[in-house]
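Before anything else, here is the set of structures, which you'll find just below.
The two complexes that follow have subunit A in common; it is paired with subunit B in the first and with subunit C in the second.
Now for the complex of A and B:
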């Protein structure tokens, strides 16, 4: 099941995009989800990301990400209304608690918590999109030109992480054969049992890392200035996707500067939408949907090829 | 001028008082194929690393003597320049691959050399074509087979176009077919491309004949070197076990001219023995029909067991299998045939999707109670997964404590039997790989199990260690314990197993007496079985061949000598 969380080559249009174009699309989604606070915009970005995930046949993976995301949103939605004092429309007066003082829950704080949760789901979905859309090596190839060592560490981590999860499973099986029962015992005892697993994994990983470093040195790693192996050609469809993403980013940023897509929460909730907001959102979503539309056309209509 | 010249080389690893290499003198000529053999800890890998410039650069330690590459001191050579000339392939492909995708991995070394883009593209394309890696293109390395991964590691080195390639036990993780393919590839590189090859290997039957020269190492020294024939003759005289079975047989039968291949051996046998034609129409019997008395019933029985991971393709398909007390069963098959999965199912670590598992006549199902009592011992492929306590002794106590079993001298007894007593207060991670494996084995045997399951226990082991392990497992069987070993090592299976099972695509395709199965199989057979086929049946090991054929050859030789004199 965990393997679904990582990139799998499915030979799909969106996976074949030039990594620069794909990264630009993903970065645009991410930046826009961070600069806008209007829930309409955040829902729009969420749907747009979902469409891309659908085109990448990754709904199952997205479900796993969303499940994890929803777990994280619960504390935000609970804690924010309890600790925020900025809202003016009080819904509930609670008791006085040590540290927190008198508890009040305002409409604005509830709304703000909900919008921030939406934003978190956006970010998680975009991360999911990145995971299933961009081949890790290709993405790191771009980064390599600026920060090679960091890129290499990331590349190794990407390769090693699924292997480490499998290794952890093997270690757990070995412990079971040696009589360790992971389902019984107090929380402390269970923690000890799982700590042993991590400890064994760390010991083995440390030993393996020496062998890997040696193999890298044998292949001239660190012997001087290096070059970057580039295989990807920038195709017309990459240009179209990159152009649409940049347009969405530029228009979105300009709109945010002009006050569109940004909502006031405190002390009173501002207006959720204006006609300007609707036009801007529609245009941006159209631009952000271009890669998905091209993907649809690529698979269904020969004129797109 | 030789490509490598090693003069009086000695080397100590950091914080070690014992030299890993001691006064080594050896030359390797350009285009030569040198095979380096020897026991665990004899210094083979250290010598390989010295030739690749990794010792002492990477490890530190105390180094004396000189290693010259084409007359140039290797220690004074720039790392980039050295990497262009000398490439090294390591034992475990998993631990030498850096990137996630095959093509990027092959280009890794080229990127490090700072080659222009066009040159990199050309070299990657050439190497992928030469090694027939088109199938791996664009695929995740993680999804490739062990053989393909090792090919990628070789490709990555070859792309750098080195003049010499050093390989440190490159086939130890591969099944026999992949290993054969890989070694043939190395031979092609040597013969067709003129590459100098220095190969370290344990399974000599695969590669002894490929080498131009063989060097045998012991305790950090080269004790004998020469052509394969010279080394085979010399090794027998000095009692060195590092020669292939065919050579051992002829040396043992008193021949002065020692062959090293099955072909050479058969052509000599033809002079002494008539070829029988009774095997042409013989059909391999499948289905185990052992008449051995079984009073106590089976230890474990699998009935129509099916298993798949995550509802994907079935890995085990309708397995019917019974293992009886005191039986030593070897499970063979290609990578991906389902051998390890079968072992895990038997160990109760995986639950079958369909079918039944009976342990001592009781159905197990999802009930792990049987295993929690320590009646089944399972040793996985990686002994390091077992080692995390501060001392060897504590590893054994850990298992005992989990099963609530008293010591009653079991720990000391087992450590003694496995020759680990002197290490009992040492950290298991400080031991050699062979010793670590024995500690891992001890940690599961301490509960005195009735069924012992081992996954590839002989990987990377030398002859002596294998003999120790085989002997110990055979002793367990004598005590009524059932042993099942998954292995690619046919010679080991022939030596110790009484029953052999061959798995293919999740099914048992052959199950029977070891002699019957290994003697009739074309690929899963020993070197001796292949050599003796048609001359005498049911011969798998050198000892059996010497017992059956030795006297006949000796008599035939004596008669021929008499006729010659007459």
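Now for the complex of A and C:
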């Protein structure tokens, strides 16, 4: 399951985008999903993200994210109706509780909880898109320009993580061969067994860190200005994707300031859509779909390449 | 105008990113040797592994314990880096999400606070550290509840925050108990091993 959550190189158009263009697209989706409260907009952003995930052949990964996200929506659906007093259409009068006072559940609060759950699914889907679209190294390369030492720590740790998992598996197998059964025993016994694993891993990893530091020094770490061997080139398709994302962000933010895409929940539910909403949403979704459309063309039409 | 809630979400996320940026910047300003960088990276990876190794036990986060031990031995700045890096790196493999910056902050602060505790109370007892680790199980949960509460719950008031904390109390309690048990059983051993390696960085032969 862990492998599916990690970035996998599939040589797809969206994975080949410049990291800045890819991050701009993802940030635009994220900001728009946080600005708007209209369920139509949130569903639109969800579908648009889903299209990109489909173009990245990541539906399996998306399913895992959505499963986790659905679990997280449960408290949102419960807490919002219980704590909100602003709704006018009361569905249920509950008992008086010590901290919260008299509980009343209103239709508006239930609807607000549902819309916020939709937003959570949007946000989780956008992060799923980030996971399968941007290579961690490329994301860290952006950080490297501002914080070299921090980026180096993160890069080293990212490199070591899969190696350590394999190392941990090896240690576990050795323990199993020696008669340790990790699936049986009380909580204390299980804790003991698992922490022994970490103990052995800690000791061997700390020894490795000394060797790594010596290898870094042998390669002249810290002796002067660093050189950069690989630079990502900003190609025309990156420019198109970045421009479409910027346009969607600008138009979306302007629309939100003018009152589009923002729904009134209290005291009574406001209207879900107007013609202006429909036009703005259609334009924004068209702009947000540009990278996916380019990806479709890149794979099917040679003139796009 | 944008509704007030949108500003609350943006403000809380921006604040978290600013705090993370400030802490990373302070790490950049430190004179750090290649050995210290390698040690911080290794401890981050080990802490990240702690999330995977203890996945079978409900919300027992060995990561918090390892980050706090790292902060206790290596100081607040390195402790913060270990915590923040452990969250980011483990999420590269377990799924980045809106929770990532908040996890980076929460684990980073747990590491930094353990370093500060060592500075403020150099002779803090084992029992004191166990209580401190236990409390961080709840602090971590409350910090994580902040993003959830600020983005998806309305109205933003103390009652709704308490409700959010109540909904996660059993998970936070497992986390807190796990931290305390891990420190009780293995804290001294971890500190001894890591302390020995950390001293090796500082030893110079004249």
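The definition used in the following text is that the second predicted complex is superposed on the first by the 221 of 305 C-alpha atoms of A that agree within 3 Å, B and C clash if a C-alpha of one lies under 4 Å from a C-alpha of the other, contacts with A are read in each partner's own complex, and residues count from 1 in each chain.
Assume a residue touches a chain if its C-beta (ideal position, glycine included) is under 8 Å from a C-beta of that chain, and two chains touch if they have at least 3 such contacts.
Predicted model, so just to flag it, every value in this text is computed and none were measured.
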Partner chain in contact with A:278 - subunit B first, subunit C second, else both or neither: neither
First, second, both or neither for A:187, with subunit B first and subunit C second: second
Which of subunit B and subunit C A:149 touches, first, second, both or neither: second
Contacts of A:47 with subunit B and subunit C, given as first, second, both or neither: neither
Which superposed partner A:136 touches (first subunit B, second subunit C, both, neither): both
Which of subunit B and subunit C A:158 touches, first, second, both or neither: both
Subunit B versus subunit C as contact partner of A:76, first or second or both or neither: second
Partner chain in contact with A:208 - subunit B first, subunit C second, else both or neither: both
First (subunit B), second (subunit C), both or neither touched by A:171: first
More subunit A residues in contact [subunit B versus subunit C]: C
Shared subunit A surface residues [contacts with subunit B and with subunit C]: 7, 136, 152, 156, 158, 162, 199, 203, 208, 212-213, 216-217, 221-222
Parts of subunit C lying in touch with subunit A, wherever the complex brings them together: 1-3, 5-6, 9-10, 24-25, 27-28, 32-35, 37-42, 44-46, 48-50, 52-54, 56-57, 60, 62, 66, 81, 85-86, 88-90, 92-98, 100, 148, 151-155, 157, 159-160, 162-164, 167-168, 181-182, 185-186, 189-190, 193-194, 197, 200
Sites on subunit B touched by subunit A in the complex: 49, 52, 54, 57-58, 78-80, 83-84, 87-88, 90, 92, 94-101, 103-104, 107-117, 120-121, 124, 138-142, 153, 156-157, 160, 310, 344, 347, 349, 368, 371-372, 374, 376-378, 380, 382, 384-388, 398-399, 401-403, 429, 443-444, 447
Contacting residues of subunit A [partner subunit C, same complex]: 2, 5-7, 34-35, 37, 64-65, 68, 72, 75-76, 78-80, 82-86, 99-100, 112, 116-117, 119-120, 123-124, 127-128, 130-131, 136, 147-150, 152-154, 156-158, 160-162, 164-165, 168, 187, 190-192, 194-195, 197-199, 201-203, 205-206, 208-210, 212-213, 216-217, 221-222, 256-257, 259, 262
Subunit B-touching residues of subunit A, taken from the complex the two chains share: 1, 7-9, 135-137, 141, 152, 155-156, 158-159, 162-163, 167, 170-171, 173-174, 176-181, 196, 199-200, 203-204, 207-208, 211-231
